[in-house]
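Shared chain: chain A. Partners: chain B in the first complex, chain C in the second.
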Partner chain A sequence: MSDTVNVSGSLRTRLTLTLIGGAAVLTVLVFVVIRGYVAQIAQQGQDSILAASVSSILDAAILREGAVEVDFPYASLSMLSTDADDRVFYAIYQDDGLLSGYDILPEPTAVSGAATVHRTVDLDGTAIRMATAARTLIGADTRTIVSVSIAQTQEALAVTLNRISRNVVIFGAGFFLLTVVLSFWATSTTIRPLRRLANSITRRGPDDLSPVAGPVPNEMAPLVASLNRLMGRLDTSLKQSEDFIAEAAHRVRTPLATVRSHAEATLQRVDRDENRMALRAMIRAIDESSRAAGQLLDHAMITFRADHLEREQVDLLEMVRELVIRMTPVAQMKDINLHVTGVDSVVATGDAILLQNALRNLIDNALKYSPPESEIAIQVMAHPKPRIEIRDQGPGFPPDEIDDLTTRFSRGDNARGIIGSGLGLTIAQDVAEAHGGTLTLSNLPGGGACATFSL
Partner chain B sequence: MRNFFALILCLLPVLSAAQDWEDRQVFKGTAPTQTLRILSSTDTVFFAPIISGFLAENPTWSVEYFVTGTAEITGRFQAAPDTFDIVISSAMDLQLKLVNDGFALEVGGVDLPDWAQWRQRLFAFTSEPATIVVNRNAFADKPIPRTRQELIQVLRAAPETFRGKLGTYDIRQSGLGYLFATQDARASETFWRLMEVMGSLDAKLYCCSGDMIDHVASGDLLVAYNVLGSYAVSRQKSDNRFEIIRPSDFPTTMMRTGFVSRHAPHPGAASDFLRYMIKVQTAAPSGGNFPLPPLELNPAGANPSVISLEPALMTYLDRLKRSVFIKEWTNAVVQ
Partner chain C sequence: MKFLLVEDNAELANAICARMRMDGHVVDHADRIQDAFAFSETGDYDLILLDIMLPDGDGRSFLKQHRDGRKDTPVIVLTARSQVSDRISMLDLGADDYVTKPFDHEELQARCRAVLRRKAGTGQGVIELGNVRFDPVAGSLTVDGKAITLRNRELRLLELLINAPGQIFPKHKLFDRLFSYDEDVSENAIEVYIGRLRRHLEHASLRITTLRGLGYRLDHE
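Right after this comes the complex of A and B.
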């Protein structure tokens, strides 16, 4: 059935991809945010050490006899040791002149007494972080501003950041994978009621058009309600078709039978040859019409019933014997002997009405094509599968058309002059297929046709 | 470029001759084609075995070895950083500052603990304590002092015996002497008291450990303070007229360091030389073949007496700090 459904995309795929895509976006976002945050914290760490170093040097600055002395402690630079052995630069300024240290640092911008100024500057292509602070020294009659800059490369910071980034990436990847797994789980949980509904409908019997009764999630309620309504309408319409077929069969066949009996009676009363011939032609035409109507209705009924087989235990031999008894009068008109062979009973499961219809059509066909004073052998067998073989002594099937004979309204080349609609073999074939069986047509070696109906 | 180097090579003898080196020697491999130039403060006799060992493994090289004082190394190297491949010095602070100022090349493949290397550029390769060397005869009838405090007491007990017969580094001239002095001052006030006592007894000032050891051995000096232990031990093998004391109150241990110049003409070979030097100086049974003491890689970590390689070494190189320190020291010693 699925190849006739117009499939476009998959809810499961769409849901999974949406969840995974959302997780991926979130993961990247979290990575960027955490990395930025960590970079800020790490920078604050370096800044605070630089600030401590600056203030320890500033604290050591004193005015002695008008000259600035800065006897800063060993720890001022010692505290700047890092795992990556970052380079350290410092400069001590008095007012605007360099007092001591490196002359490659940018001019200090700190204001005396104000907070330490931090900035990142470029030194020979390397980014260095610099802290600067200033302090006013007051002597007996002098006033001077000492400022100190300490700068440090950021290799240890980069190492730390890389390590943290790597860890964040690992954690992010882990959470992402977890989310992927959860997405699949969530998707299949969400999709499950839909699949359960599909399964329950697929598993239904052919006659089961009852509404879906099992509980369904809120979102599926409109779908299931529509489905139930559709099935309700279908059920009604099927019942109507059945009634219509029965009605039509009744209404067409009965008047035809009336017309035929009138024609027969009239035939007995007229003497002129041309009138008798006309009446016989009329009876023939009525027979043909009646038969065609019957077969058309049979076929319509079979088409309908094939979808709703009413299986029951059927004794095929019994059924064939009944049919033969009913058809014996027709056979005797052509001096044809109907001979039935078989074991006591061959029980099969099937729709009795359909089987009877199919067998009647097959025997009918054999009668039509058999020459007068011949025999039709009907054999009913139980093994390996229940089957019925009907052999006649007629001309057999035209060999080059044997495969097409079961198609609707197709008649063999040798059928001219014989009453028929071309539906008989189609009916038999449809019934066989509805029961999971086959209809096999073949010609007997010594002449004559053989139709094998097996279930 | 090739012509440029050829020109330099031609002019080198002329240039070098114009400079005043303590020592300058060329070691040739068996098939020399190129020359590594090493600027060093280590006496040639101590360093020659390392050079010979390197040349045995690399016969296509020659090594030109220049010796000068620790304080001069900085000036000479900074004036022409592209004429030397390797700089070796015992003045750790000056070396560290050169590396901090970006003069050194990163050398890979050297696995030294953190305290013995800096930025993978500056590497220690010896552990050498500062020692007190005393004349054996002068202490024949007195207990030999084991600490600075005991030395002070000995000196105070007999000032006339020791007047004019004490020696120590002139920290104004010697980078190593300045390093030892500043680290001592950092460790204890005893250093200043000792300096004051030595100053009051007209201590003589020296540029180098070798001269101090000579004078102690000959009896011109009775006590020399902060002498390089490695030189003293080496001298003692042929001369037992003096005693070496490692002060037990607070020992100071210096590490000789080396780096490859960032502008080295032969960075590859220079790095190889440095790796070779560190390999032989850290190999387990060293010292036997090489007169320089090995680098003691204590698995438990740095010996606390070792001056470790860190930016704080630059503290006493600060112009203001240095002038304050030298003023104090001069006040104490020169008087």
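Right after this comes the complex of A and C.
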């Protein structure tokens, strides 16, 4: 189980981008709406002044002896003056003829009733706002229609609109920036429980398969529930397989031990050479199968543990010394001297059980291939990397097979007659690699094998 | 030496007991933890051989109670498990050593001797014959009060011979006891060790006699 996860996109990015995108759309929308609304209000303002101006002129129109007289007050036009010096045009029509004013204004279309009509017209490329109203004047025997149009350029209005627009833009940008900040905050708040869950699971030891107990948000409950179920199943199956391995070992080894003990006892009682040879062959076969069974189980355990290294501080020198004490009685049976050298302590980080298993296999190998009354030198070094060198005075590794010896079940040509399963070096190499180290096999110039286990 | 064997498999227990008695050891056998306690309370054992999986409990609980009772009889665990963690926990619980089933009887003997030596329990089974004093546990030999250093195989050979002076040991019997089953040597290799032992015993009142076609015999002058 490595760190290969099929990653596609990021919740955090997606959430942040969605929030920011939404904020951008909202900001533009608010800008358009406010600007439109403000323009409408400003236009209404101009329109009502224009209408007032028109009606004040109309009020001043009187019909005297069949002729229309308009003596409109100055204020009628001065009320239209603006900061931007907008130009004002007026035109007074009697029936369909221009009575007074500018003839550049478009003539009023049929105006009905007393309503004032507003429209925007184009005058030499400038947009002007025009208000038109009409009134029917009734004399002694005549009736005539007077209509008045007042038009004004929209400079001041544009200035006001621009100013308001600028303010709206500043306000919108501020609103947008605030939303961006808020969306980052909202995202990290939303993501935090996920992160907390991931952390609490990552920090666990390899053997901790207990359910997740901490509180999680409602939406994550189904995920955590299925995670807990998965861990429960894993825990059960691991326990079952561990129990199974122990039980299998017990079932296989106990009868083998019975057979071996009987064979050994019988060997003491028989004298005929062929019987002795048969019994010796039997004992060898038992040793072979029990060793193979043991190493297969060890190998299975190592393959499992290599994925869940239980790292701790390990003093390699102390570990080697303890192993050597354990193995000395066996070494002494062949009068082999196990000699350990190393400075005070060589501390490395690793899985103690795996390291011990690997080193035991390497020393075991050296013991098996060493001639009687020889020496095995074990050197523990701290620099440049923690490493352990095991040198024996045996026949050495077969030079043309040295690279293949760590392959599962491969045994050197010189292994004939020596009990082994061909898994010892594989186990040592697997453990070294699980710790990011190497196992190097070489032959010593003066004869003998050298296995270097470095982390 | 006196052993207590705690093992629930009757066949295996019989085989171990038979093999041990062949070497002149006294072995009591218990097949349950309960019996093991009864035996260990009454008998004065040099060493306890303890199986782990027992019908009325885990051998480890016996180990713990045994140690809590401040008994210092050394315990060697016979385990059928192979996991290192299991072995470590047994050593933590106060076992002195362990052997994995199936075990080599000679290896078990070697481990027993090593454990007894560590426990400073030397002096048991010391053999004195003429001017020779031999302590098989400590592995020490003195001739006329002078200490002689023996290699392990020389020591085991001497132990076999000195336990039965005057008895003829065929070459192949000695060979089977001294060499492991995967050692590729001929039976004549035994002559090398006999030769060395003779040199060590030069000034002793013991003689190793070669009986052509029959074997070897240790004679006491």
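Going forward, the second predicted complex is superposed on the first by the 282 of 455 C-alpha atoms of A that agree within 3 Å, B and C clash if a C-alpha of one lies under 4 Å from a C-alpha of the other, contacts with A are read in each partner's own complex, and residues count from 1 in each chain.
One rule holds for everything that comes next: a residue touches a chain if its C-beta (ideal position, glycine included) is under 8 Å from a C-beta of that chain, and two chains touch if they have at least 3 such contacts.
Keep in mind that this is a model prediction, so the values were computed, not measured.
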Chain C versus chain B, contacts on chain A by residue: C
Touched partner set for A:D85, first chain B, second chain C, both or neither: first
Touching partner for A:D403 - first (chain B), second (chain C), both, neither: neither
Chain B versus chain C as contact partner of A:D208, first or second or both or neither: neither
Which superposed partner A:E69 touches (first chain B, second chain C, both, neither): first
Touching partner for A:K334 - first (chain B), second (chain C), both, neither: second
Partner chain in contact with A:D243 - chain B first, chain C second, else both or neither: neither
Touching residues (chain side chain C, partner chain A) in the complex: 9, 11-12, 15-16, 18-19, 22, 53, 78, 80-86, 88, 97, 100-107, 110-111, 113-114, 151-153, 156, 170, 172-173, 176, 180-184
Chain C contact footprint on chain A (complex, rising order): 245-246, 249-250, 252-262, 264-265, 267-268, 271, 273, 276, 280, 283-284, 286-287, 290, 293-294, 297-298, 301, 326, 328-330, 332-335, 353, 356-357, 360, 368, 372-373, 417-419
Chain A - residues contacting chain B, complex: 68-78, 80-81, 83-90, 92, 99-101, 124
Parts of chain B lying in touch with chain A, wherever the complex brings them together: 100, 102, 114, 118-120, 186, 310-312, 314-315, 318-321, 324
